[in-house]
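In the two complexes that follow, subunit A is the common piece, with subunit B as its partner first and subunit C second.
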Partner chain A sequence: HLATSLPLPSERDHLRPRMDLIVFMIDIKSKYSLKNVEASLAHVDASFFLGKVCFLVTGVGRVNACSIETNAVCKLGEAYCSPVLFCELELEGIRAATAQRLLRMLQICAGHIPGVSALSFVSLMRNSDDD
Partner chain B sequence: QENVDPQKTAFLLRKAWTLYSVTPLYRFHRARLRDYARLLSAFIAAEKQKGLAVEVGVELDIKVAVSSLADLRGSEQDQAAILVQLSLRSQASSRNSEDKLVWLGWFCSVYGDDLSENVPEDFTCLPLFLTHGAESYTSMVGSWFQKTFDCCFRRLAISPLNLSWMVAMWAGCTLDRATCAVELVFSMPHLSQPLDISYAIHPEDAKALWDTVQKTPGEITQEEVDVFMDCLYAHFHRHFKIHLSAAKLVKVSTAVASAHCDGIVKILHSQYLPGVLMLLTELAISQIQ
Partner chain C sequence: MDETVAEYIRRTVLKIPRDEIKTMLQKWGFLSEAQLRTLNFHQIKDNISQQVVQLCEENSADLKQAAVLDIIYNHNYQNKRMWSVYQMKKSGEESDYFDITEFKKKVKGRLRSALKNVTITFKEYEDNAIWIRVAWGTPYKKPNQYKPSYVVYHSQTPYVFISSSALRSNLPLLCQALIVATNYHDIREMELRSHCLNSLKDIVFKRYSQNFQTYCPQPLQEENVEPESADVRIVQENRSEKERIHRLNLEAFGSGPQPKLEFAQYKLETMFKSDPKMGVLDKREPFRCLVKFSSPHLLESLKSLAPAGMADVPLSPLLTCIPHKARNYFKIREKKCLFPEGFVSP
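Here is the complex of A and B:
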């Protein structure tokens, strides 16, 4: 399901399936996208932040076009205990690899991988970041 | 460096300079500037012989002067700036005819300690290179320096993030007379035809806004720059319902200086010359490292 911002319109609540993973996309070239994500975060139920939220920063290939400080995004990830992934959608290889990573995360969050829960996975990612 | 003689640096003002970052020069000797001028002159003449760099209107009977600008530096650790001037040799036989200056380029370092601290002895650090004049001359001078001193030139691009720092800093400068508006130019993305939006603000309003945002005089934080820019974006959105924060900031202009994302700056005020050069030196160094 794709949306430009949250909250989702309430009219279709009863038709919506369970959400297993929320990926917030931030375009490094657009300050507006960061503000939009920050505003949308307020509408997310706290239980999602136990491993079912991730931030995806796009456009990182063009360092000279960045309007956002990467520090600010990393701090956002820390504040919401959720991983931050960086990618460049214009490069096919990275696009495919990122899609595979997200798919893997989704499988874990939906409970399809026995023995690994969303919470254990995200704390694994956080520990490796600190190293 | 408050002792910089404004007369000596007047030629730097009100010119559009194209910026490059330069890696440290190997075995560059300040005592040999005359030799270097001769060698560069010979190189340019050779290029003419080869028929390279031939462009309509570009003359190649060139006289080269290389000099040192002792006052143009930040700290004692900085190397003094080096100026390269290319002039057209006057054709007339009369003694009074002057050579016509066709190209200017200068290397400098203002508080470039981050780079010079970590570099071995044979290297001279002058990370910022500024040029004014035809690109064909820039490319010849650049090639000669690269061959002779084993260094590397790269165009210095300025990101929207850095441009917003510049506009916040420069809009907040105190000037005797604020002569021109603070202008920001944005390029709208994802359109089939290019569209630019120019946002001009009265300089006194911009300075008043910055003064309410800045907490410690002499210090600027990323948060303060963000608040300043957010106020400008919010004001624009209130009137025009357009989110400038989703567009790309491509150029900023103030009474102190103007800068374009392609790495072109114009410095308008001698009082703030060291400050602007310090910022540009920092950008050049981060591009090198």
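Here is the complex of A and C:
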């Protein structure tokens, strides 16, 4: 399900399945994109932040066009206890690799991987970040 | 052949990209096919141009032919120049039969009677466009062939497109010559400028697709149609919002390609509105400010703002009115005084 912001339009509530993972996409070239994500976060139920939220920063390949500091995004990730991924969608290889990472995370969040829960996975990722 | 003419032809040929030289010389038609065949287009341009000059020497080229070659070059690369649009007004209703010979005679006559040293050249094209090239001199100096003015006139219209590399001091004379020759009684410069001559023509001749207020059942149809994305597993949550944006944007811009403009300029002479306690400006004077939007293709980029999520619909009428009002220079003044050329800022 693709949406431009949260909350989701209520008229489709009855058509929506269970949400296992929310990926917030932030375009590093657009300050508005970060503001939009920050505003949308307020509409997310607290239970999602136990490993079912992820921030995806796109456009990092174009260093000259950055409008947002990576520091700011990392702080956002820390504040909401959720991992931050960086990628460049214009490069096919990175795009495919990022999609595979997200898919893996989704499998865990949906409970398809026995023995690994969303919460345990996200705490694993946090520990590696702190190194 | 005059040395200055030879030099002028040499420099004109040098401007042409190597692959285009042959075509352009053929369009010119001054050198025969046999002569063109003797030219070696694989050598460096310097040598090509020297060879062309030698051939022109054989044919005794004069200034008139050199000027025609220059018109052909500028007609081909018309988008390198900046064009302004002028509108002429008729006093009476009768539309005189347009005689091209009379027109040329009157233009030449008027210009020459005011200024002895001018070079005037005409070339007609199939789309009814008459190109006029004027090189300006002074009573004591011969015309400067390297800074001419170009005029494009379509005989059945009241519009003239002018591009000038010379000082603007010659423009009033040029304008006068044009209204005398065309039997109009007034001419004024429009607030419309661009590099793309065809787009300027599209705007004033209303050749672009304009938006019409149609109440067609498009929105209803789209609700029944599956999402356009290739994969049906992707659900667009904000589809109705996207459709609304698309519809409003289409109403504002129409569905066809937009005329090509490179900028829009807004001169603001409005009062600065701030918290009175801040006391930013003690004097109650208009805050003078210039806002300029530039883009390789301004109208298309404005049209794509809302679908890209970078602006809300509907866009400000100050932006969407550009082709309808045929202007890209605006003056915005305060609400109290409504001037004909400016209008109120929203």
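Please note the rule applied: the second predicted complex is superposed on the first by the 131 of 131 C-alpha atoms of A that agree within 3 Å, B and C clash if a C-alpha of one lies under 4 Å from a C-alpha of the other, contacts with A are read in each partner's own complex, and residues count from 1 in each chain.
Simple rule for what comes next: a residue touches a chain if its C-beta (ideal position, glycine included) is under 8 Å from a C-beta of that chain, and two chains touch if they have at least 3 such contacts.
In this text, all values refer to a predicted model and were calculated from it rather than measured experimentally.
After overlaying the two complexes on the shared chain, residue contacts for A:E69 are found with subunit B alone; subunit C is out of touch. By the touch criterion stated above, A:S47 is placed in contact with neither subunit B nor subunit C.
In the superposition on chain A, contact is made by A:Y32 with both subunit B and subunit C. Touching of subunit A by both subunit B and subunit C, each in its own complex, is seen for residues 32.
Residues 29-33, 35, 63-69, 71-72 of subunit A touch subunit B in their complex.
Within the complex, the subunit C residues that touch subunit A are 234-238, 240-241, 309-310. Across the complex, subunit C is touched by residues 1-5, 8-9, 11-12, 32 of subunit A. Of all the residues in subunit B, the ones that touch subunit A in their complex are 157-161, 164, 189, 222, 229, 233, 243, 245-249, 261.
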